[in-house]
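There are two complexes below, and they share chain A, which is joined by chain B in the first and by chain C in the second.
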Partner chain A sequence: MAAWVKGNAADTDAAVDAAATLLATARTPVFAGLSAELAAVRAAYRLADRIGASLDPAAGDSLYAELGSISASGALTTTAPEALGRADTVLVIGKRPWDGDLVAELAKTKPVRGRAAGADRSVLSLGGSANGSSRHVAYGVGNASLDVAIGHLRAFVRGNYAGEEAFGDLAKRLLAAKFGVVIYDAGEIGEAGTDMLLGLLKDLAETTRVFALPLADPFQGRAVTQLAAWTTGQAPRVGFGRHLPEHDPWRFDSARQVAAGEVDAALWLASLPSPRPDWLGSLPAIAIVGEGSADARPETAEIVITVGVPGSSAGGAVWNERRGVIGYVEATGKAVADTAASVIAGIAKKVEEKGASC
Partner chain B sequence: MLIRIQGGRVVDPTDGRDAVGDVWIENGKIVAPSERTPDRTVDATGCVVMAGGVEVHSHIAGGNVVMSRLLLPDLYVSESAPNGHPFAHAGGSGSWVGANYAKMGYTTAVEPALPPSNALATHLELADIPLLDRGALAVLGNDDHLLQILRDGEGKNAVRDLVAHTLSHARGLGVKCINAGGASAFKDGVLKLSLDDEIPVYGLSTRKIMTALLDAVEEIGVPHPLHVHCNNLGLPGADDSFVSTLDAAEGRRIHFAHAQFYAYGAVDKENPLTGGFRSAAERITEAMEAHPNATFDVGQVVFGQTVTISLDVLRQFAGRKGANPKKWALSAGDAEGGGVVPFLYKPRGGVSSLQWAIGLELMLLSKDPERTILTTDHPNGGVFTEYPRIIHLLMSREEREKEIATLPAVVGERSSLPTIEREYTLSEIAQLTRSGPAKLLGLTDRGHLRVGAKADVAVYRDSPDRTAMFSRAKLVLKDGETIVEDGEITTWRFGRTLELDVEADAAIVKRSETYLQDRYGQGLDSFAVPDAAFSETENFEDVACRA
Partner chain C sequence: MSTLTLRSEPVERIDLLNITPKALSSLSHADAAKLPVGTSRRGLTLGDIFAIKLDGSNSLTIEGGSARLDRVGAALSEGSIRVEGNVGQRLGEGMAGGSLMVTGSAGPFAGTGATGGIITIEGDAGDHAGGAVYAAKAGLDGATLIINGSAGDKLGDRMRRGIILVQKAGARVGQRMIAGTIVAGVVGDEPGYGMRRGTIVAGSHGTLLPTFAETGTPDLVFLRLLARSIGTLGAKNLDLLKGPMRRYSGDLATIGKGELFTPAG
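On to the complex of A and B.
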């Protein structure tokens, strides 16, 4: 496995030792990315607890658009397989859901389970793509933002507004659904939009069955959230500076922390693809990246360690987007010796030997 | 290492022991008294020695437990953990669960809701609960594959094979059904379901689904009887659901989850949902006495804030109106899904007080504590750390009277609790928390202190303040290793997850693969719980089927 320390090739043991030295002397380290198999993320939370680091997943912003709404109001959701199996009405909000395959698959198929089985499926869109790639009925939002448009639609569903406007028609379609599904990306519609959408769904629940299907981020955010919750009792953005998990989405936003000069070392974990933070080169940092990835090069960070890629050169528990659960993927190619979990465990062991500053 | 726990009051109802004596341990097992000099002697003078506690129904892992933390992140308080005990004081975390059970002298805990569609995450979470042996019950009763087989009248063998395969693939310890058919019915617009109501689309009923599962569990030889969460939980008149479900078992082994939530007789039979409820504890007790095939856990209510977690999506949807604070999360997931609804059992509130009284009544009226398991249905009735207080109330009439005196008159008007004089003995407490649950789970190696048992042992300082006594054990051994001293964790170790050793028929494996590919676009591999996913090298331990 390739590794570099300050631009020079090193063996993994030497890089792990250098990483431990950096973290053991750091006072306010940050672990970012967390786009990795769960065993590695688990090891990262344990190391963070040991040295008083804070953690922030790459998916932080979109995750917290959803998590903020959950902690304030709750959720009313279903899964992609249930949408495909049962939905007679699908509302697609925004543009991002059109990027994946799910909407097209829904547009091509009919429900096969439940009371809507065999019915035609209506695909509706709100403020979405007009590319005509899938058969759907489009509702524009004009100059309104998506959160405002959702609020407007909710007013029609509640009966606060009435009339023959397009949103009145959309409200009627949703109220007539036997099993409706609303697909959206929380990062696109924002926390206010997510919260308003939940209110809309709760209103619809008084009449029929309509559920949210928020799209998962592509950076393991959903899996990290689960592990963070059972490990710390909290959502992912926690800090251990005071030797207990303190959850604070604003305080432990890694980009904000770095911009404010609060961070003196970083560990970026990305055994799976993840956008490299633009601040990574601005401070002493360790990058644990997938072998063969674009970031597996000496310039990425002060210390770079390459590791097996889950589903390719390593096995691992990762987010299964299709099913909306954590699943295990085997290595499809030759498994490599160093995994992200074993590297972090190695760093933790060395930190223990050196004695961390926190 | 040979260990002698000397001079304590040894309480083991399975062996008729309740007297001062010794317990000997070697190589992680209880052994016969030895002539050899022990390597370690524990002075248990003035202490009570029991087997480690066994929990049969506590929601400690799974997607809905995760959601409860996200919905109500301030339910628990986090404190700084001692060095070497990662996350032990992170309120509500898996480590916190393990540490708090261990401090009370519990050494085994079972999560009663393992959704086969989300088995890996649930097991990963269980594996991060330290100190205890764990297990989980695979949930069936709403999945389309099972309902299709039943609808098509494929017969008992097909159901048995699917159940065995599901158990094996999800690595469960037993089988649970939760308001069988209810989640499916909910998705099709139903709001209330009773035992013989038709499940839309499938033409089935809860009775048909549940009895098919009862048969399958017996045929497979699952040690734990089918774990049943009935229809109509928490509604006035739910006692009818309990009794009719008991009758429907027709003599087959059956376990009822959180019976307290069903011991609600309708005050106005004509208008059951508007007239309120009164205790049906006596009716439930009589029914249980007439059906020795049945067991129940209590689901005792504890005053204060909690969050309810259930795969009974139908019930949780109805319960959303009572959410306190006013937020809730509900998932119409694959098969059951689930619901998470915060709830406040109002201290000295009329309804909460009656619920509290009914749970205690059920335990105090029971003539067979070994078939009456102490639970709070954590966290649905309240947090499991309240067990010591509940034990105190069971063991002291005076303590109950003091509490009742602070509660509204409805406790006396609609329950018999104030008139009950019974005080539980230590042996009965051991039945309620050790031998009963271990026997119920079919775990013959624990729940007692007979030779050959696992050396899971709890030593408590005997005190009339039973709350204090059972809150912080003086000493807890897990597999013969000290994990708690003076109420604090001393050794951070991991137990095992107990799974049933059951083989699946090759034909149903092939058939399931086809079904799953058709439904999910992915097959059995995506549902797998492989050993390689776990950080600890030996995470699972087999439990044999019944002969």
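On to the complex of A and C.
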């Protein structure tokens, strides 16, 4: 295990003590990243509650593109296994879904249960990368953004537009689906685009069954959302400054807070890979990062503590995208002594000893 | 007139929810000074942030604004508040009546959920002015919002009722609008994305969405009534409504009962 304080190598206990001193004297600390196993995220929320910090996951913008829409109007969603088992029509929106292996798997299989069992499966794409690796029918969006294209398609589905244009053909295919699935990344199409897409699915639900399959972000945002919900009753961006969890996605956007000079200390939690915020070096900060990661170096922050990486050098509960649940992963290599959860618990204990206001 | 004078730029965001003339009218100076307004564990009170002068009247002036003063005039139901300077997010959130005037600029979500009264911003407004906050049913909901400077993007996002008057606004004006009226000198690209009902009048506009269809230049009594209605508000965009207007219907991605008017010719 390695740790550094102000660029100098330190043992973990000394780094934990320095971190506690920094947080105990902070007025408005922020905990960012939260790309970690669930035990560590839980420890972070507990510590934030104690010292009045606010929290913002690395996946914040992408999460709220989806949560904002769902909170206002709800969604018809399904899971990857259901899509594989039942879908006769799959619409892939944007480029991000092509990064994983789900689309390829859908393209080479058929539905095996439900209304469409045994039928051929049509894979359609809207504004995708058309990489040619999977059999599919591609519909371009020209110069339009994805959200505008989704709206245009919806006008055809609703019957407000008609004709032989490409979107007219795509609308017919969706309306003819026995069990349709639309795969997308809310972060890629934005909140308004997500809202428009979910509205499109509700329009389709008037006559058939088409469901949303939003992709999870790669930074544990789905797991953080669940933990935040059962811990605070709110979505992830909460602040504990007034002794209760206040939810405010604008106010507790960590990048905005730092840019506005509202933050005097930060803790960046990333035992799993996560993009380091640009602002991390601009204020007193603690970085809890995975052992052996690119950020496990003294320049990352004022205080750097390395910890076990879930699924590699530590066990931990993390998001399983294929199953759409939180699941435990074992350490595949030699487990290290310190986990992110134990380090944060150590900081909390030291903060308590120092008598920080709470 | 009661007065709150800002002592210095706040070191943290300040929440002025419930700091209204009515709420202050029944309080002694000492009790008012104890009202919690801070948002950190420091527990800052009204007296920590402002020098307080109370006279029990239904008008309040806040001297010396700051972009960190949130929810100014939120829950205002009667009387008036004047801010000499800037304010932060959610100006007049949920306001039900009275008048709210800001001589400087406002942060995002000005007028969100406001059901009555008049909000005037002499400077600029941030994104989502008259727009809905997270998980809210609607943005502006019956109040009148006047922005004499520029508004950011997504002006009137999910607004349900009321009028917004603005000189210039960014992209996606009237996004997901449920109903209501927006009159703007200039609007940016893609006005009315996802709007269901409501009216947008724009002197000029950026790129239009493919889901807005031109429906001619009808001579509508509604526009004359609108001109009369906003004339009483001292609106600067009245000239817009005097000439023939081209009408677009949209957003046809939704129920498509919204409309966008721009000068014909």
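To be clear about the criterion, the second predicted complex is superposed on the first by the 356 of 358 C-alpha atoms of A that agree within 3 Å, B and C clash if a C-alpha of one lies under 4 Å from a C-alpha of the other, contacts with A are read in each partner's own complex, and residues count from 1 in each chain.
Here is the rule we go by: contacts are C-beta pairs under 8 Å (C-beta built on N, C-alpha and C of every residue); 3 or more make two chains touch, one makes a residue touch a chain.
This one's a predicted model, so the numbers in the text were calculated from it and none came from an experiment.
Chemist: After superposition on the shared chain, which partner residues are touched by A:Trp250: those of chain B (first), chain C (second), both, or neither?
Modeler: Touch partner of A:Trp250: chain C, not chain B.
Chemist: Would you sort A:Ala24 into first (chain B), second (chain C), both or neither based on which partner it touches?
Modeler: Neither: A:Ala24 stays clear of chain B and chain C.
Chemist: Quick one: classify A:Ala155 as touching chain B (first), chain C (second), both or neither.
Modeler: second
Chemist: Quick one: classify A:Arg323 as touching chain B (first), chain C (second), both or neither.
Modeler: The answer is first: A:Arg323 touches chain B but not chain C.
Chemist: Return first, second, both or neither, reflecting whether A:Arg86 touches chain B, chain C, both chains, or no partner chain.
Modeler: In the superposition, A:Arg86 contacts chain B only.
Chemist: Counting residues of chain A touched by each partner, does chain B or chain C come out ahead?
Modeler: B
Chemist: Give one of first, second, both or neither to describe whether A:Gly233 is in contact with chain B, with chain C, with both, or with none.
Modeler: After superposition on chain A, A:Gly233 lies in contact with chain B alone.
Chemist: Pick one for A:Ala341: touches chain B only (first), chain C only (second), both, or neither.
Modeler: The first partner, chain B, only.
Chemist: Residue by residue on chain A, keep only those touching chain B in one complex and chain C in the other, then list them.
Modeler: After superposing on chain A, chain A residues 67, 71-72, 235, 242-243, 246-247 contact both chain B and chain C.
Chemist: Please give the residue numbers of chain A that touch chain C in the complex, ascending.
Modeler: Going by the criterion above, the answer is residues 27-28, 51-52, 64, 67-68, 71-72, 144, 147-148, 150-152, 154-155, 158, 160-161, 192, 195-196, 199-200, 235, 239, 241-243, 246-251, 260, 262, 357-358.
Chemist: In the complex, go through chain A and note every residue touching chain B.
Modeler: On the chain A side, the touching residues are 38-39, 42-43, 46, 49-50, 67, 70-79, 81-82, 85-86, 113-115, 117, 178-179, 205, 208-209, 211, 225-227, 229-235, 242-247, 315-317, 320, 322-323, 325-328, 330, 341.
Chemist: Give every residue of chain B touching chain A within the complex, in rising order.
Modeler: Going by the criterion above, the answer is residues 61, 63, 65-67, 69-73, 76, 78-81, 86-87, 89-96, 117-118, 120-121, 124-125, 128, 144, 184, 186-189, 200-201, 317, 327-334, 337, 340, 519-522, 525-530, 532-533, 535.
Chemist: Hey, which residues of chain C end up touching chain A in the complex?
Modeler: Interface residues on the chain C side: 11-13, 36, 38-42, 67-68, 70, 89, 108-109, 132-137, 158, 172, 175-176, 190, 193-194, 209-211, 251-254, 256.
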